[in-house]
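Each chain carries a letter (A, B and C) given by its place in the written order, and its residues are counted from 1.
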Amino acid sequence: MSYLIKRLFTMFVTLWIIVTLTFVIMHMIPGDPFATDAKSLPEEIVQNMREKYNLDKPLPTQYFLYLKDLVQLDLGPSIQSKSRDVNSLIADGFGLSALLGIQSLLIAIVVGIGLGVIAALNHNRLLDYVSMFIAIIGISVPSFILAPLLIKYFAVEWGLLPVAAWGTWSHSILPTIALAVSPIAIITRFVRASMIEILNQNFIKTAEAKGLHTWEIVIKHGLRNALIPVISFIGPLFAAVITGTFVIEKIFAIPGIGKYFVDSIFNRDYPVILGTTIFYSAILIITLFFIDLLYRVIDPRIKIASGGDS
Amino acid sequence: MSQPQINIDHLFRPADKESLHSDKIARPYESYGKEVIRKVVKNKMAVFGFVLLVVIILLSIFGPHMVSHTPSKQNLTQGNLPLSSEHWFGTDDLGRDVWARTWAGARISLVIGFAAAIIDLIIGVFVGGVSGYMAGRGKTGDRIDNLLMRIVEVLFGIPYLLVVILLMVMMKPGITTMIIALSITGWVGMARIVRGQILQLKQQEFVLAAEKLGTSHAKIIIRHLLPNMMGIIIVNLTFTIPSAIFAESFLSFLGLGVQAPTASWGTMANDSLGVILSGQWWRLFFPGLMISLTMFAFNAFGDGLQDALDPKSK
Amino acid sequence: MSHLLEVDDLKVSFHVSSGEIQALRGVSFHVNSGETLAVVGESGCGKSVTAQAIMGMIPSPQGRVKEGRILFKGQDLTKFNKKQFRSVRGSEIGMVFQDPMTSLNPTMKVGSQIDEVLVKNQKLSKKEAKQKTIELLKLVGISDASSRYSQYPHEFSGGMRQRVVIAIALACNPELIIADEPTTALDVTIQAQILELLKKLQKERNTSIMLITHDLGVVAEVADRVAIMYAGVVVESGRVEEIFENPKHPYTWGLLNSVPKLESSEKERLIPIEGSPPDLFAPPKGCPFAERCPFTMEVCLEHMPGKEVFSENHQARCWLNDPRAPKNEELIAAGRE
């Protein structure tokens, strides 16, 4: 239990550091959010706007005001889309981004583990080479190259799937594939390496000597042990999928958080940049936390050392 | 058993054992380095990756000079031309030669990739090494390890590209900025790997023995720990270089990386997004192919190296 | 064919990048019902490969049985397919591995690891299996068996883990247990306990044991018969008394000389065998021990010695036992000291 409290505490501290760092970085950015409008707006109005967004106050004051709002889960107003605040932008985009992200992550995990296990079981044989070839192609071709190709062939030339934008579930198929390819490759490689190592362990020989079937050995004795090191990779993978949505949402013109984030950077929309960064980080940190818990469930050896490794 | 047919009676007398050693056939001995090279060479994918890499590096050096067009010279009357003997990879909408731009982009990608990876390596090995080595060495040692790992944890908690994007927004866009942004968080992965390795190696008998014998810290690190980690560090390097290259093209694709008119694979791909459907395939194809081939080359070579460095592989 | 297990002229090779390693070059021995055969030799002599061959667990595709037969209850195991091997493993032949620290699955409850073999081979229900597992844990001397059942291997000491491994091997009451260096990784006191346990279980259940070891002290304690292996061949075999009292092969003499004797009051020095075994990558055409043997004759370098039979059980492969060899009694006597 004390471990949980400690871990939660670390989580909040991490998040606070991220908020602070991002806040500082944000305010070091050259350029003014009203710069683009400045030509058309009279000086007074700009001044009023600066007041409204607290930009006229000293930085520490701005920081504390921001923290105060943040504690109430209020990420503040957006500068660019004047009628909306960051919360509602995130609320709007989150559904789409989450659907895309979760769909592709699930596909990646299932396909990746499958390919990795097949490769490991056929180590140095044809199926191993085939799986590794698929994996290496998946890592080599960036999603922003793959996505236009998918659109060109599946949507435009063959007309199998809708081109872009958002509507029905079928709109999510191409972006999901584009997003899943590189995680599939990463998982395949890790599972393969981990599985090959586990299959060489003595306890696999014990299991073999019990007269178990190969698949029983693989599933009951191999996979669980092989997945332990792989779990620690879900965090970065998750981060990769999040960042992947930046380009994918841009290419497919999907109004998800990723698109808002990229747009906000070009518009110098501080509150949106800040809000989305904090939101992404919070999600990632919470994911890492659950991964940590998952570790403890799946690996009985960790419980003993729970004090030591945190 | 198979008793020899020939008469062997005369052989029942003490043998001259000295002669034995002269004609002994021993298994061919090879040093560790040679063995690794032999295994890599045997791995066709690795060899292919290495050759591809050399070709790409050579073309990034000489490619732009092989044609008479400079990478950013515009010629609006020559816009969107298909492949020809004049423009090997065609031209873009501003009439710039895609061949010249592709290899100029390769230069940027490779420079950024190598520079960022080397900085990552130095910081990562240092932080990971100190952290792993100090862990479990009294209160101060644990504190140092804890502090460093906290920093790593915080940085690890933010999506890598997110940080890079924020930094790119903050600083003046350009190659140096890109390298700095990539290496500010990029070393975290290396640090974690090195720390994990050291923690593992520290438990092993030969390190414990060296320690008990009073070998100095520096000597233990240099003589025992580092050589045993070399493999994993080099392998990790062959994966951080392409990930930096990927990050560069990713950011440039988003418009956050190198700025026009400098050619980069990412900006070229982004520029061509609008025309891919109208048939000017070469504008996406060549930069896309080169990014993919570069990533492939590094990964194939890295995989082969990883296998070869694994003492368990034959 | 009264032998439970009979290995006949078994040849196994491993193909690696630099060529072929002839791990077994014609191994023959047998195990009778209810007896313990100790297979003794230095590391790399082929003891473990022999065990792997019997279990059908030679790493493929590099390793394979090239020649010979392994008759278990009259059936030739070298002809078995994967499925047939599965029906033998665990149920008819149990195996105990060398390193108890790594031979149990770290993420599986100890009890479940024993249950598994019962459920698989005896088709017991989960509940029945658990019942029997707890009995087995008691049998191998684990106190508090029902609470130990749901613990993980890391909560067990090395000796306790080896008891668990033995329980797994024993679970289905196999006719043969192959124990590959079962005590090597353990402390001396624990070693004695584990050997004691094996002896006790064998008596109670009339199981045959093929005990692979490099330790003649262990052999003296538990074995009925001994097969001494060197460089992929059995150089001498016989009843344990015959081997200890009247060894016929210079390698056996060497082994016996290198065993510390507790009872001798003299400051007797251990005499190591000089040199190292031949490289099985290119084995010598003559006797493999010739290079290290103090009594090498020219014939030893040229021809592999055949089997000389001394009694029903006792045989050795050494030219010194050939009638044509010089009766160099003094030399031999000197060597045995």
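In this text, contacts are C-beta pairs under 8 Å (C-beta built on N, C-alpha and C of every residue); 3 or more make two chains touch, one makes a residue touch a chain.
These figures come from a predicted structure and were not determined experimentally.
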* Treating touching as the only link between chains, describe the layout with one word: line, ring, star, complete or other. => complete
* Tell me which of B-C and A-B has more C-beta pairs in contact. => A-B
* Select the chain at the greatest separation from chain B, using centres from the mean of Cα atoms. => C
* **Geometric centre: closest chain by C-alpha means** => B
* To do: Round to the nearest whole Å and give the separation of the Cα centres of chain A and chain C.
  => 54
* Distance from the mean Cα position of chain C to that of chain B, given in whole angstrom -> 47
* Cα centroid separation between chain A and chain B, in whole Å? -> 23
* Considering the complex alone, what residue numbers of chain A touch chain C? -> 201-203, 205-214, 216, 220-221, 224-225, 228, 298-301, 304
* **Footprint of chain B on chain C - complex, ascending** => 16-18, 62, 279, 281-282, 290-291, 295-304, 306-307, 317, 319, 322, 324-326
* **chain C contact footprint on chain B (complex, rising order)** => 1-4, 8-9, 11-15, 17, 20, 24-28, 38, 42, 314
* chain B contact footprint on chain A (complex, rising order) -> 10, 14-15, 17-18, 22, 25-26, 28-30, 132, 136-137, 139-142, 144-145, 148-149, 151-152, 156, 189, 193, 200, 235-236, 239-240, 242-243, 246-247, 250-251, 262, 265-266, 273, 277, 280-281, 284-285, 288
* To do: Could you pull out which chain B residues touch chain A in their complex?
  => 45, 150, 153-154, 156-162, 165-167, 169-170, 172, 189, 242, 246, 249-250, 253-256, 266, 269-270, 273, 276-277, 284, 288, 291-293, 295-296, 299-300, 303, 306, 312
